[in-house]
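Each of the two complexes below includes chain A, the first together with chain B, the second together with chain C.
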Partner chain A sequence: MTEHNNMELPRRQFLSRAAKAGISIVAAGAISYALYDREGPVPGVSAEDLVTLPDFSIPPEDGRTISIVTGSDRTKTVGRAIELLGGLGRFVRKGQTVAIKPNVAFASPPMLGATANPGLVAEVVRLCYAAGAKQVLVTDNPINDPASCFTLSGIAKAATAAGAKVILPKDSLFRYTTLAGGKLIRNWPVYFGPFSKADRLIGISPIKHHHRSGASMTMKNWYGLLGGRRNVFHQDINTIIAELAMMAKPTLVILDGTDVMMTNGPTGGSVSDLKRKNTLIASTDMVAADSFGCSLLDLRPSDLPYLSKAHQAGAGTTDYESLKPKRAKIS
Partner chain B sequence: MASAPGRNRRLESAVSILLLVVLFLIALAILVKQADVDMARFGLGAAAQPDSQQAPDLAALTPDGFKELSAPLVYTAGNLYEKINGKAPLYLDAGFLKLFTQRFVSRTDENLWMELYLYDMAGLKNAFSVYSVQKRADVEALATMQFAYETTNALYFVHGRYYVELLGSAESPDLLNAMTSVANSITAGLKVDEEARIPELDLFPTDNLVSGSFKLSLKDTFGFADLTDTFTCRYELNGQSVTAFISTRSDPKNAQKIAVSYCDFLIENDAKPKPTPNETIKKVAAKVFDFYDTTEIVFFLGPYVGGVHEAEDQKTAEEVAVMLINRLTDPHGAWGLTKNPKQ
Partner chain C sequence: MRIVTTRRISQAFFFTLFFWFCIVSTVGDKIWQLRGWPVDLFLWLDPLAAIGTALTTHTLYRPLLWALATIVLTIIFGRFFCGWLCPFGAIHQFVGYLANRKKTTAQKISLNKYRKAQSIKYFILIVLLFMAAFPSIAATLQTGLLDPIPLVSRSFNLLLLPIFDRSVNFVSVSARFYEGAWLIMALCLTAVLLNLVIPRFYCRFVCPLGALFGVISRFAVWRIGRRQGDCTDCTDCGLCEKSCEGGCEPRGKMRISECVLCFNCLDDCRGDLVSYQTTSSYAGEITNPDVSRRGFVISLASGVLAVPAIRLSNKIGANWDHRVIRPPGSLAEPEFLKRCIKCGQCMRVCPTNVIQPGGLYGGLENLWTPILNNRIGSSGCQLNCTACGQVCPTSAIRPITLDEKLGRGSFADAGPIKIGAAFFDRNRCLPWAMDKPCIVCEENCPVSPKAIYTQESFTTVRDGVLTVRKAADNFTEVEVEQTLIPGKFATGDYYCALARPSTGGLAPNNRVKIAANTESSIELSADRNIENIPAPGARIEIQVRLQKPYVDIEKCIGCGICEHECPVSGKKAIRISAVGETRSADRKLLLEPG
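Here is the complex of A and B:
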C-alpha cells in the first residue's frame, strides 16, 4: 500500500479520470461501429477456396449420343431411351454413387408439370440401382422453400420409395466457384456438397415455356446449382444458361416431353398450359437434347440464343441430327 | 485496504459496474448479430416471411372442409423471384407491389390442396394487364365477375387492384367449389375502389367482338418497343379472327410519332405498303401493309394509335379498321375524339 493510495483523490483528478473513461468508451464504440460488417461473414473466396464441379461425363460413342422415344408411359420410354444409348450399365458402374438432379424448382403439384415427374425420377433411381449403383442421391436447390418443393412435387416420396437418399440444400453444402472463361459465374456460391461425393450425375427436367428465356429444359435445369441472389442473372439469361452448360458436365440428361408446358412458364398453374407430346429424350449432349426439345415448344434452336452460345462454347451441338439420334416408339 | 479520506468509493463502483455492463451489452450484441446471418444470401432460406402486419387475413378465407397447409407469406418486388422465378419480370414491369400467398388443404384428402396467389398490382389496369396476357385460351368467362375464368384445376380473376390466382393440385369439382368460395370471400371482404374501370375498353366497337378477348400489353406490343399501353381484342368476321388494337397516347402529336415509327418498324421488317380502295381508310390516311402474307393496318386519330394486326385478308382487315375509325370519330360516341378519355 503506497502513500498515494491513502491520499484523498482530488476532485479535479477524479473528473479527469472519469472523462478519460468516458472517452475510452466512446472511442471503443466508434471503432466497433466503423469496423462493423453489415454484410455478415463471407465465406472465403480466395483462389485456393474456389471449387470446380467434377466432370461426370463419359467418353462419347459414335451414334449413341442422343435417343428420342415416343410413348405416354415415362417408365417405359425412359428405359427404352437409355437402352438405345447402350443401357444404364454404360453410364453407371457397380459400386458408384449417382447424383440425380431433377428440376424441383417449385412447390407445385406434379400434375402441373412445373417440376420433374416423380414417377420418372423414381424409375431412373431404380435403373441406377439395377445397374449396380451403391447409392443414389436426389437433390436440387429450388427456387421456393426446399422442403415444400420436394414434398408437394411428390419427388421426395417417390425417390425415397425407390431407395434414393433425398438431400435438401443447406449452407454447409455450398462453396464458391469461378467458371474458367465465364463472364457471370465468378466467385459465386454453387451447390457442391452432394456432387462432391458422387461418381455420376444425371439431370432430369421437363420441357417448359419460360417467360424470360423462352424455354426451360436440361441446360436451364442447372440453374438449381446456383446459390446466392441468382435472380440477378435473369438480366442476362442467355449467357447464364450457356455458362451453366459449360459448368455442369453430367453423365446423362433426360428431357421429359411427355406433357409439355406450352405457355405461362416456368410456373404454369393450369393443366391447360400443358400439351401432350409423348416424347422423351436421353442424351449425353445437353445442347443437342435441348435443340431437339425446343421443337416440342414449336420453337427452333435459333429462337433460343443460349443454345448457339453453348454450341459456340463447345458445350455440345445444336445440330442434333448430325449425331444420328436413335429413335423408337412405344405403343 | 484503508479507505482514503473523502474518496467516493460508491461512485467509483457505480462507474466500474456501468463500464462492465456496457462491455457486456456490446459482447451480447455481437453474439446475437453473428447468429443472425441472412441465409437468403446463399439462396437457402426464403426471405419471405409470415407478415401478419401487412397481409390481408388470408386464414379467414379458409373454405369449409379445408385447413391451412402452410403459413401465409408476403413477397415484395425484392424477392418475388423466390416464388415465381422467371415470371417475376412480367409482374414487376406491370406495377407489382406485393404478393400474398397461402395454401389450403382438404381436411379429408391431403392430395387436394390449393394455393392462393393474391397480387397487389397497385391499380385495376395493371391487374388487368397481367390477367389478360396470361389468360388461357378457350376458357369460359365466369359470369359473376367482370374479369374471371376457370380451368379444370384453377381459377383466375381481377378484383380491383388485385390479380388473383387459385391453383389446385388436382382436377376436382370439390377443389373448384372451394376455390369459388375463396374467391367469393375475397370479393366480398377485400375492399377495393368499386368505381375503378378501364375506359379504354369502350373505345372498341362491340359488334362481332370476341367476348373476353381483351388484352393490355404494357410494352413491346407486336415486338415494337415504343408501342406501349396497347389494348388488343379479337373480332370474328367473315369466318376469320382479326386482332384490332388501340393505344392511347399523351397527345395527338405523340400518337402521330408512334404511328409513323411503327410503320417504319414494319417496313424495316419487310412489310410492303399496299393500295386500298376503301374511302374511310384513305380519309384518315391509314397505312395498309402486306406483312408476310397478312395485312397490317396502322392509323392515328387524335391521341389514338390504332389498327389491325396480321389479318388473313385485306378486305376483312379493312372492315375491322373502319369499325374502329367510325367508333373513334363518332361525335356522339361515349369516347369519340371530342371526348378524349385523358381529358
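Here is the complex of A and C:
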C-alpha cells in the first residue's frame, strides 16, 4: 500500500504536467498556423488600402462657368464673381459640409501675398454659411511648418472668426492614392481626411510667379493635397500639375489677382514683389481660370505647358473665351 | 494639517506646474500655448544657472535674479528647494517611496543612513564651478550636464513629450524628433532607476545643485534638530531616520548640509522630540559639507585643468565642426559656451523642430547645446520667428526682434542675421549632376530677392542626336531614324535643337519646344520662331532645358529651408554650413563691400 501511494503522487503530477505540456504544444501550433505566411512580404501598398478623392464637381451650366470681376475690395469682388455664376446657393446646399483649400504654403504675413488672402477666405466661409452649409472646413498641407503657416498667414484667425473649423495636416489624415491614367501619382500619400468628410470643395489661391512652372494658380494649389516627399515631382512639374488637376475635382475655384506676385515667387518676401491688378476670377473650370489668370503675369497659356496637358486630359479648357466669361467691374 | 502633507502638496503643485510649462512651451496664442506663461520659471529660480553664468560672464542676466530669491530663502530656511520645489526631486522621492515601501523599518533605517559617498556631489560641484571660473580666457559652463533643472527640463521636453504626443498629436501636428535623445534618456532613466538602490540616489550623491544648497544652507536660521533639554526621553529607536530623504542622520549629529527638509523625521518621531527650530540640534550638528581639504584641492585642480584639456580639440577654433549651426541671435561661440546650460528650451519651443540637441562631434562642450539640423523638422529656420531667443533663460541666444533678425528698420544697415550659408553639392544636385529639372531650393528660398538664382542652359540628352527622316512642311512634326521612348520628351522641359544649314553647327536660338513624342516622331510646339526646316538626313538634337541653381552668398542667411526641401534625401544636394555666420568674426567668408 505504501508503495502504491508513493506511485500515485508522481503519476498525478505526471498527468497534470503532460496535460499542460499538451496545451502548450497545441497553443504554439495554433499561433503558428494563424500567423503562417506562405508568400512572404509583398513590397508596396496593397490595392485595398488605396483611396480616391471624391468628385466634388457639380453639373456645368452653359455661360455660367467662369466670371471675371475687377475691383480692389476682395469681399465685394468675390461676392459678385460668385453671384455671376448663379450665387453660392448653386454650389452649396443646406446642411452640406464644405472644405476650403486655400494656399497656405508659407509662414509669411498676409501683406506679402504668398498665401491666400485671409479676408477673402473668411468671406467665402461666410458665404458658405449664408448658403446654409452645416460646417466649413479650412485646411492645407503647407510647405513650411503647418501651424506657423496658418497662424502667420492670418488664415487660421480669419477663418475661425468666420465660423470655420481649421484642420492641420496630421500624419493620420493621409492615405495612399493612385490617379487613374496618372503617370506620377501612383501609390502616393494624399491628404484625405478632411476631404473624405466633405460634400463640396472650394479652392482659393493667389496668382504668383513661379520660376520652375511659370505660374502658381488654382491648379498648382492642389500640390497641397500631396503628402510624402512630393518635391521629387518638380522634375516633371508640368505633368504633376496636370495630374493634380485631374485628381482634384473641386466644386469651385477662386483665383485672386487683386495683388499679383510678379517676381520672386512663390515665396515673395517683399511688398515690391507684388503688383496691384484688381482682378478676381471664380470658375468651375480651373484650366480656364488659370488660362485667363496667367495674363495677369504677362504670360500666354502656351507659356505654361501644364495648361495644355490638363486641357488634353479633359480637366478643362484653355480657351476660356469659348466659355463666354461673365465680366463685371466694381468701382 | 501635518507638515509632510503640506510638503507633498507643494511637491505635487510644483511638479504639475513644471509639467504644465512643458506643455505650454508651444508657439501659439491659445491658453495651453506659450502666450505669456513664464515657462523658464524653474530655470530662473536655479542658483546654479545664475552662479555659473555669473562666474563665466561676470554678469547676472536679468531673469536670473530670481535665483537670488532661492538663495535668500535657502539661507533662512535651508534646502527647501530640494524637498519642496524641485520637480526632479519630487520624482526621486516618489519613485524611492514606491521602490522601498514594502521594506521593514530596520531595512529602511539602514537604507537612509548617511554615506561617505554623499560628498561626491560637492566634488562634482567644485569641478563644474572651477571649469566656469578659471582660467578666465577659456571658461566653459558645463553645470547643465548634471544640474537637475536643465536635466529634467530637457528630459521632459525632448523625450517624454514627443513620445507621448506621437499618438495624439496634441502639442504638435506632426511627430517631433530629437537627435540623440537616447543619451538624454539614458542619463535621466539611470538617475530615476537608481532610486531602486537607494532612495534619492541622485540627490544624495550626484546633484550639484543640491551640493550648492548644502553649502549655502550652513547658516540656515531654521533647521531640523532634536529639541533642547529632553534628550533623555529619546529611546534611540531610529524611526526618525526611517524615511530620511537626505540621509542626514537626525538621530545623531545632524548633518545640516544634507537635510532636504522633507520633515519625515518630525512626523515619524513618536516622542515629538524633533523640531524645526532656530537652535542647533541638542544632539549636536555638523554644518559643513563633508569635504576634505585633499578632495577639495583635487576637484579644484581637475576643474581648472579640464577646460584647457577639452579645448585641446580646438573645436571652437579652426577645427570647428561644420554641423555646429547655432540658432539666430546666438552669441559668438566662446561667449555662447559661457552661457548655455543645455536646458533644451529653445529645442522645445522651436516651431519647426529644426533646433536639435548637439552631439559630441562638436566637442564635449557641444553636447546638448542647440544645433540646427535641417534634415529634421517641418522646415528649416523659419524666417518670421524669433522664439528660441525669447525662451533662452541665460541669453546664450539673445532675445532678438524680428527687425534685427531680418535686418529691417533700425537694423537695415547691419543687414539680416546670417546663421550660415548654403552650398551646392554639384555631384548630387539634380540639374547639376543629372540634367534633371528641379530648383525646389530656389522656389522655397524665403529671401527677397531670392538668395538662390538660376541660369538657363540647354544640354543635349543622352542618345539625343537624331537624324531627320521627314519633317512636316510647317514643322509641327518630325520623323526620325532613331527609336524613342514614347512620351519621354513630353514634359515641357525638352527642346528640339536645329542645325544651321550653312555651318551644320547648332544654332543657339534655333530651338523648338517638344510637345509630345512617339516611338519614331516628335510633335513640336506651334509656339516658336525658327530659321529653317530641316531636310531629311539633317541632324537634330534633343535638349533638356535646365535652370541651374546658384547661391548668391551675399544674400543667403543660412536658414536651411532649401536644405530641408531638397528632394535629394539622405545627403542633401544643398547644405548649410555655419561659415559666414554673423555672430563670429573668425568665420567670416566675404570681404566687406566697398
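Basically, the second predicted complex is superposed on the first by the 287 of 331 C-alpha atoms of A that agree within 3 Å, B and C clash if a C-alpha of one lies under 4 Å from a C-alpha of the other, contacts with A are read in each partner's own complex, and residues count from 1 in each chain.
Here, a contact is a pair of C-beta atoms (placed from the backbone, for glycine too) under 8 Å apart; a residue touches a chain by one contact, two chains touch by 3 or more.
This one's a predicted model, so the numbers in the text were calculated from it and none came from an experiment.
Asker: Which partner chains sit in contact with A:Ala288 here, chain B, chain C, both or neither? Use first/second/both/neither.
Answerer: neither
Asker: Contacts for A:Leu226 in the overlay, against chain B (first) and chain C (second): which applies, first, second, both or neither?
Answerer: Touch status of A:Leu226: first partner only.
Asker: Is A:Ser32 touching anything from chain B or chain C once the two structures are fitted on A? First, second, both or neither.
Answerer: first
Asker: State whether A:Thr239 touches chain B only (first), chain C only (second), both chains, or neither.
Answerer: second
Asker: Kindly classify A:Ile204 by the partners it touches after superposition: chain B alone (first), chain C alone (second), both, or neither?
Answerer: neither
Asker: Just chain B (first), just chain C (second), both, or neither: which does A:Ile143 touch?
Answerer: After superposition on chain A, A:Ile143 lies in contact with both partners, chain B and chain C.
Asker: Taking the superposition as given, does A:Arg212 touch the first partner, chain B, the second, chain C, both, or neither?
Answerer: A:Arg212: touches chain B and chain C.
Asker: Answer with first, second, both or neither: which of chain B and chain C does A:Leu9 touch in the superposed model?
Answerer: first
Asker: Once the structures are superposed on A, label A:Ile155 by its partner contacts, choosing first (chain B), second (chain C), both or neither.
Answerer: A:Ile155: touches no partner chain.
Asker: Can you list the residues of chain A that meet both chain B and chain C?
Answerer: 106-107, 109, 143-146, 148, 152, 169-171, 210-212, 229, 231, 234, 237, 263-264, 266-267, 269-270, 272-273
Asker: If you look only at chain A, which of its residues touch chain C in the complex?
Answerer: So the residues of chain A in touch with chain C come to 106-109, 143-148, 151-152, 168-172, 210-212, 229, 231-232, 234-239, 263-264, 266-270, 272-273, 300, 302-303, 305-306, 308-309.
Asker: Using the touch rule from the top, collect the residues of chain C that touch chain A in their complex.
Answerer: The touching residues are 27-29, 169, 172-175, 351-353, 377-379, 382-385, 430, 436-440, 442-450, 454, 491-493, 513, 515, 525-527, 547, 561, 565-567, 569.
Asker: What residues on chain B touch chain A, complex-wise?
Answerer: 1-2, 4-8, 15, 19, 22, 26, 33-34, 37-44, 46, 70, 81-90, 113, 115, 134, 136-139, 151-154, 165, 167-171
Asker: For chain A, which residues count as touching chain B in their complex?
Answerer: Against chain B, chain A makes touches at 1, 5-9, 14, 18, 21, 25, 28-29, 32, 40-41, 105-107, 109, 111-112, 141, 143-146, 148, 152, 169-171, 174, 189, 210-213, 216, 226-231, 234, 237, 263-267, 269-273.
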